[in-house]
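First up is the structure itself, then whatever we jot down about it.
Labels run A, B, C and D following the written order; every chain starts at residue 1.
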Amino acid sequence: MSRALRIPGSKGQKEVSQDGRRRVDDENGAMVEAPRMDGLSSGRIESKVISVEEAAALVGPGSTVMVGGFGLVGSPLTLIEALLSSENARGLTTISNNVGEPGKGLGRLLLESKISRAIGSYFTSNPDVMERHLDGELEVRLVPQGTLAEAIRAGGAGLGGFYTKTGVGTDLAEGREVREIDGELYLFEKPLRADIALIRAHRADTLGNLTYYKTARNFNPDMATAAEVVVAEVDEIVEAGTLDPEHVVTPHPYVDYVVRAEITLGTDAGPLLDQAGGG
Amino acid sequence: MNSVMHDIARRVAQHLEPGDVINLGIGLPTLVADHVPEGVKVFLHTENGMVGAGPTPEPEKVDPQLINAGKLPVTEDVGAAYFSSSESFAMIRGGHVSVAVLGVLQVDRLGRIANWAIPGKPILGVGGAMDLLVGAKTVIVATTHLTKKGEPKIVEECSFPLTGARPADLIVTEHATFSVDEEGLVLEEIAPDSTLEWVRSHTPVPFRNSAALEAV
Amino acid sequence: MSRALRIPGSKGQKEVSQDGRRRVDDENGAMVEAPRMDGLSSGRIESKVISVEEAAALVGPGSTVMVGGFGLVGSPLTLIEALLSSENARGLTTISNNVGEPGKGLGRLLLESKISRAIGSYFTSNPDVMERHLDGELEVRLVPQGTLAEAIRAGGAGLGGFYTKTGVGTDLAEGREVREIDGELYLFEKPLRADIALIRAHRADTLGNLTYYKTARNFNPDMATAAEVVVAEVDEIVEAGTLDPEHVVTPHPYVDYVVRAEITLGTDAGPLLDQAGGG
Amino acid sequence: MNSVMHDIARRVAQHLEPGDVINLGIGLPTLVADHVPEGVKVFLHTENGMVGAGPTPEPEKVDPQLINAGKLPVTEDVGAAYFSSSESFAMIRGGHVSVAVLGVLQVDRLGRIANWAIPGKPILGVGGAMDLLVGAKTVIVATTHLTKKGEPKIVEECSFPLTGARPADLIVTEHATFSVDEEGLVLEEIAPDSTLEWVRSHTPVPFRNSAALEAV
């Protein structure tokens, strides 16, 4: 009896074909094969490390993509760069706190007209967002930052939604469900999930356990839980068993693939930080 | 546990695949860990807050603060990680556990299970059973075909309280393996030392034979 | 202008009197003074370390008490022991996965008739719970373990509630709100909070940052967020600045007091583990 | 920023108490960190995932991956801790931040604030403002008394979109400090170089004088 036996009735969101290759829905709902993970079906757990190109190929036309980061800090700049040269990465919906910075990170994908919809909390720091939005090229959905983070967590945690006080009585609550609970008003918020999450971490072991670096952590651990396929871009890849089990922030079951970062925010990236502005 | 239990556990373990994150219920399901096929590396998730639980330690190496959800001592496998209860169940409900192996009191003709309460008694324990049932990507029931009194555990309708609305995906006994689809049970395999007749006469619900079985 | 100025309009759940002593509601809603934290008002941040007796005195008649642990593992055994000899600790509502083990941990408080209501997920491993419940001495509320943990987290996260699939279609859903969201049924669950949380951690710094030890972590980080007053019992107390900021699991704003553990689960506690049984 | 801004920040900082966990909004509120009274140890929370943010580093010591919510470089104070965005906002909404200092476009006669959007323009940024307003135990508004055009920022009703229904607890300008109760504003203090007349004529909403002020 093969795995096929338990796929039909299962609630699996990720399907694995007989040869161990993970399948991902493309734009038309057709299944496309993700890069082969040799060894998975041979019994040995192979490393989850793949190339940047293989990772970029996982993003298809119309994909909903969660992208970690607060501005450029904690943003998977290598993966974003790779999407620039990917024909398939177009018509994307991004779920990300910002749309990068002007011409940088996701901001560059925006200039290349690869993003058609952005869900986030703070686009003000990138004037290109306003411009594209007024041009009618970019649909935006603005969510308070805490609600954004909580909705992503809820998506990863299998919840149907939650109630938050944030936003009650504001324009962002217009047309939304408000409920009184124990004498206080709350807004109902549904979970957010994505086809793929591109996150930035510090260290990964070959199983996919992750640690983060300072405030580059931000949305990354939340997004690691809430997508069909999760790719982590990291500074360093170490052998399984190297990370202290007490210090792992994202346990490996959440992570599908690991790529090594080629672009990092060096201190020479100082000018990036000139774009000060609220989260 | 006796050899029948180990037999069932072995049959369940055949369905595990390399890389699976599995959660084993208390009792019989725990035995599955002993029968994972050679070369198949799986990761044990335990809902009290760990992935990568390793085998039972030697008595002198027991760490009393390192236990599984059955409150039995375990060890740290390579690549383990610890997390809080809310994170553990976020992982379960969010579909990040590949396979939950659950024991049952009963399972009905649609594959729905009862494994947490006995009618007529105050219900004083549920633990993680309901969360695992709704959250695991695949749910495998591991059970003896009959109760100790010789009554079928696969029944038309559960007389014990249901653990949830979600049906199991696979039911494995020492006599047979059934898969479950929208219409009910499909007999996938008969154990080498059992017969279709035995299974039919001890499974008082309608079931179909799988295409593979028909072809035999 | 003193702090009094901003207390009236504030949403503060913890009130601090002029002399910097934290106040806690007693049974009758009267304010009782918690142990003095000298130095807080003198400008220097004093250590949050207090004695076990001072901590036990924070639990008043009728208090709702969150108690960490999965069975006895990760349970604050020293603090529980101290409650045994506290006159005021009676008529308690416990929010804890279990009620300890028979005659151990919370199980001992139960035998001393100090607990009148227990909210948890698994009482089966302590037959005394069933006995007291049938005697009418103990009210119980059974919650699936994941829902219990999530409700505690929601309590600490300022949410009004959440929707979970867990329990739908079961006896535990009777009389409860069920809602269809995107084609699936969910149960509505409200947050849980407590007057005081007694938790068990591994290391604390003097500010109250916490780390945990292996599977003794369990409910403790969640409970640390969801009570008016949080007391952490720890193996070791270190100077602020000693814990790596990347490894802190519970940041200090959550923690009010720290006590040193006097009772730990040694390997001689082996027999405790005989009480195997599900969560 | 100019001396008026620093003056306001200094007046806000007087309300901080040892041990407070504070979150400073972008712009003027950020200056509060420079004026925390001697001997008062507070902890800076920044909503992108840190408590214990320290002062701005020397240019050559900037770590580009260590920033505050204004995307400005910070340092690690003793006893700092990092966490994810969801944990950071759980901390904020759950009442674990003692004081949020927020800048405003306007504040109304009940202390409700508008600080995130300008009417008639597409609204493209909210960040953490709404979460901080509903979640912080105490909300202090730090603002100039008048706009650059000389119009009062304290108004009968906000013409800019509200940030939430929760009123601020304290409003601090370079001329006055108001507390807020259910009925509205209470004048608590007049700046040494200002007068009650000036405050009255530049605050077009009814306010009461505090008992302390009446006693003067």
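Heads up, the rule we're going with is that contacts are C-beta pairs under 8 Å (C-beta built on N, C-alpha and C of every residue); 3 or more make two chains touch, one makes a residue touch a chain.
Remember, it's a predicted structure, so these values are computed and weren't measured experimentally.
More inter-chain C-beta contacts link the pair B-C than the other of B-C and A-B.
Here the CA centre of chain A is 32 Å from the CA centre of chain D.
Each of residues 50, 76, 82-83, 89-90, 92-93, 134-135, 166 in chain D touches at least two other chains.
Residue numbers of chain A whose C-beta contacts span two or more other chains: 150, 153, 157-159, 164-165, 212-214, 245-246.
Taken as a graph of touching chains, this assembly has some other topology, since it is neither a line, a ring, a star nor fully connected.
Taken pair by pair, the chains that touch are A-B, A-C, A-D, B-C, C-D.
On chain D, the positions that touch chain A within their shared complex are 25-26, 46-50, 59, 62-73, 76, 82-86, 88-90, 92-93, 117, 122-131, 134-135, 161-166. Against chain D, in their complex, chain C makes its touches with residues 1, 3, 5-6, 8-14, 16, 20, 39-45, 153, 155-159, 205, 207, 209, 225-226, 240-241, 243, 245-246, 248, 251-254. Remark: chain A residues 70-71, 73-74, 97, 121-125, 129-130, 133-134, 140, 142-150, 152-153, 164-172, 185, 212-222, 249, 265-267, 269-270, 272-273, 275-279 touch chain D in the complex.
Contact residues on chain D toward chain C in their complex (touch as defined above): 14-15, 17-19, 21, 37-41, 43, 45, 50-52, 76, 78-83, 89-99, 111, 134-138, 140, 166-170, 177, 179-181, 188-189. Chain C makes touch with chain A in their complex at residues 150, 154, 157-165, 179, 181-182, 184, 186, 190, 211-214, 245-247.
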